[in-house]
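Multiple structures follow.
Two complexes are shown next, each including chain A; its partner changes from chain B in the first to chain C in the second.
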Partner chain A sequence: MDKSNRPFFSNLKCRECGKLYEKKAIHVCEYDFGPLEAAYDYDAIRTSISRAAIESRPQTMWRYRELLPIDGEPTVGAQVGFTPLVKADRLAAKLGIKSLYIKNDTVNYPTLSFKDRVVSVALSRACELGFKVVACASTGNLANSVAANAAAAGLKSYVLIPADLEQGKVLGSLVYGTNVIGIHGPYDQVNRLCSEIAGKYGWGFVNVNLRPYYAEGSKTMGFEICEQLGWRIPRHTVAPMASGSLLTKIHKAYNEFVKVGIVEDAKFSVHGAQATGCAPIAHAMQRGTDIVKPVPKPDTIAKSLAIGTPADGYYAIHAMRQTGGGAEDVTDDEIVDGIKLLAEHAGIFAETAGGVTVACAKKLIASGKIPRDEEAVLCITGHGLKTQEAIAGKCGELRLIKPSLRDFEEQIYNPDMAATA
Partner chain B sequence: MNMTDKHRLWLMFPTKLITRPIIWELGKKFEVITNIRQCSVNEEIGLVSLELEGDRDEVKRSIAWLEEQGVKVEPVEINTIEG
Partner chain C sequence: MPNVLIPTPLRKLTNDLSEVSAAGANIGEVLANLERAFPGVKERIFDEAGEVRRFILVHVNGEDIRFLDGLNTPVGDKDEVSITPALAGG
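So, the complex of A and B:
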């Protein structure tokens, strides 16, 4: 709230018709079924927020709390965010661009993916709205984050997953004491069941009835990028696209920072990255349309991006077009190369979605969509330990020797030969 | 008495079904109330936001029939499953 007690976060608003709604656990417009999103009183925020005020706060994503959709102080995930922005000069040289930064959410707290940002907002709002049970439907990172953050906050949680999900990913949620429910059937039927459950039992479903709050958490990645660059918007930003939400929220974050006077208005472009085996948004961009054709059976190792019917695809396309951005897609082999490029040139081990982002950035630079004499920020959203199976056997081999110096010098390292090499 | 359900759905029509009056057929074939809220059609795909109301089993049968015809039926939220 500002000094006159006006709330900064004012309403929910339909993204299609603009109709305003109260700040409840609702997510679609009653009239046109358009998605609702958080709306703010930017005039009130402008008079209250400043760079100095932000800098004086703890280094977490909540330092931008005026632009986040909760009424009071955060109660869940108070430590989340403010991950490193790494200047990656060796990777820049490899990709042939003047300046390159990695926004490194592989080390986001507590579950090593950017999902902790959205979940901490959703669950903080769930507590304000009085929910005692929270839930989500997920194939991995989101499930882990809901389970962990709910456990820390003492909320009961349910995690719904497709019945055929790998055991490793199930364990990453079970360990927090959450209820993990496997559902048989194709994804569209599972989707319908989840929205029925959310409507029927009054649970706080983070990506259904809490979605307007949840999605706003992604903006903090954009806010942090601006602050860490010295309070300015980067010329190019490349983000992975699953539902397309992250890209649209980074776009919103940059525009909001301009609107409230935190950064100067500057030309920027947002670019999207997808895997070829599930690229409905990138393909619509490449076809020059804003109608996203669903992918009935996604087939890619980048499972965290494998959403065949992306809810924010239309809005992501408009954000990319409006800013002069582009979209690329990459094969599974290119994804593995992207993971290795990032690891070998920046020392960062990313999950498959990170490989998608790096490999697509490589293409965007090679095609001139991102000019070589400009700068880019790559959004790396999850840790490689989560998808180790994707690169197993593709990163060189273990070399075995006996415990003898002769073996070592014959097979591994010969100082005489090394000196002449 | 049977349970009544109201579903908010997002229908995706492939190219070959765009010109067929499927929502009219649905209303003839099943005891359901159809209420279109938004739509967008081009030569490749048709997208319709539809409220479907009726007896729970009848709604289930009508959704199954839509899918048999080749229409993709999602909740309006679309991707409730995320990575």
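So, the complex of A and C:
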């Protein structure tokens, strides 16, 4: 609220027909099933927000409070966000681009992925709406985040995941004492079941009936990138696409910062990255259409991106096209190479989705879609410790020796090293 | 008759029922009979061109009808037809 008590966050609004709804746990328009989005009073926000005001606040995603859809103060995940923006000069040289930054959400708090951003908003709103049980449909990272943040807040939680997820992601939910339900079938089946459960029981599904609140949390990645660049929008941003929501919300974040006078209007492009084994959005972009053909059986090591029926695919395509962005897709081998490139040249260990983003950025630069004399920010969304299976045996072997100097000298030490030691 | 799961946004038209029965040998017929029982449902589900709206998914026993035979997908008496908003997840 500002001083005149006008709420910054006024309504939910159908993105298709513009019909307004109350700020309840609903996510689609009754008339055309279009997505409901948070609507704000930007005039009120403009009077409250400023660079100085933001800089005076704690270094968390909640420093952009005016542009997030809750009524009071955040009660869940108040410490989330404000992850490093790393200038990656060695990776820039390797990919052949003038300037490259990594938005490093592998170290987001508390569960090492960007999902803590969306969950913080969704569960804070869930508490405001009085939910006692929260849940989600997840490809892994979201499940970890819902489980952890619900545990911290004292909410009961259920996380529904495809049965074949990586061990790290399953354990990374179980440890918090949540109910982990593995579903026989791909993510899209998990999603449908969750829609059916949400329609029948009064649970707060963060990415179903709480989705309008949840999705807005992703904007904070875009806000932080602008602030960390010295209050400006980067020329190119590359984001991984599963549902396509993150990319559309980064696009929205840049536009909102212009609208409320925080950054100057500037030309920018958002580009999308997918795995070839599940690339419905990238393939639609490449075909020059906005009709997203669903993928019945996703098949990729980038399981966190394996959504065959992406909810925001249509909007992601429009965001990329409007800004002159492109979309690429990469094979499993290219994903592993992407993970290694990022690790060896920037010291950042990303999960498979990060490998997708780096490998797609490499292609976008090579094709000239991102010109070599410009700058790009890569959104790296989750930690590599969660998807170790993907690179096991593909990045060198442990070398074993006895604890003896002779063994060391005979098997490890290379006399050439002496010159540089 | 096939059982049809009704999503929340349509329940004002189905007297708040979350599940209803509707006759029909294929999805198109089931949805047509749903409209007869609950007038208004059709224009919510179909766009002006007669296609299922962009943001709606229809499944038969958990299978997306776009991977089957669309509106011609056959349904049996014990089958479950599910109408859900596409905008979930991710």
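Operating definition for what follows: the second predicted complex is superposed on the first by the 399 of 421 C-alpha atoms of A that agree within 3 Å, B and C clash if a C-alpha of one lies under 4 Å from a C-alpha of the other, contacts with A are read in each partner's own complex, and residues count from 1 in each chain.
Heads up, the rule we're going with is that a contact is a pair of C-beta atoms (placed from the backbone, for glycine too) under 8 Å apart; a residue touches a chain by one contact, two chains touch by 3 or more.
As the structure is a prediction and not an experimental result, all values here were calculated from the model.
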**Prompt:** Is A:Lys200 touching the first partner chain B, the second partner chain C, both, or neither of them?
**Reply:** second
**Prompt:** Of the partners chain B and chain C, which touch A:Thr289 in the superposed model: first, second, both, neither?
**Reply:** first
**Request:** Classify the contacts of A:Gly34 with the two partner chains as first (chain B alone), second (chain C alone), both, or neither.
**Result:** both
**Message:** Is A:Ile26 touching anything from chain B or chain C once the two structures are fitted on A? First, second, both or neither.
**Reply:** second
**Prompt:** So, A:Ala353: does it touch chain B (first), chain C (second), both, or neither?
**Reply:** first
**Request:** Return first, second, both or neither, reflecting whether A:Gly185 touches chain B, chain C, both chains, or no partner chain.
**Result:** second
**Message:** So in the superposed three-chain picture, is A:Ser243 touching just chain B, just chain C, both, or none of them (first/second/both/neither)?
**Reply:** both
**Request:** Scan A:Lys267 for contacts with chain B and chain C and give back first, second, both or neither.
**Result:** neither
**Request:** Show which residues of chain A both chain B and chain C reach, each in its own complex.
**Result:** 16, 27-28, 31-34, 137, 187-188, 190-192, 194-196, 198, 205, 207-208, 211, 242-243, 294, 296, 307, 309-311
**Complete:** The answer for chain C against chain A in the complex is residues 5-10, 12, 18, 44, 53-57, 59, 62, 64, 66-67, 82, 84-90
**Prompt:** Once bound in the complex, which stretches of chain A touch chain C?
**Reply:** 16, 26-35, 137, 185, 187-192, 194-196, 198-200, 205, 207-209, 211, 242-245, 294, 296, 307, 309-312, 314
**Prompt:** Of all residues in chain B, which touch chain A in the complex?
**Reply:** 7-8, 10, 12, 37-38, 40, 42, 44-45, 47, 49, 51, 63, 72-83
**Message:** For the complex, give me every residue of chain A touching chain B.
**Reply:** 16, 27-28, 31-34, 136-142, 160, 162, 187-188, 190-192, 194-196, 198, 205, 207-208, 211, 242-243, 289, 291, 293-294, 296, 303-307, 309-311, 353
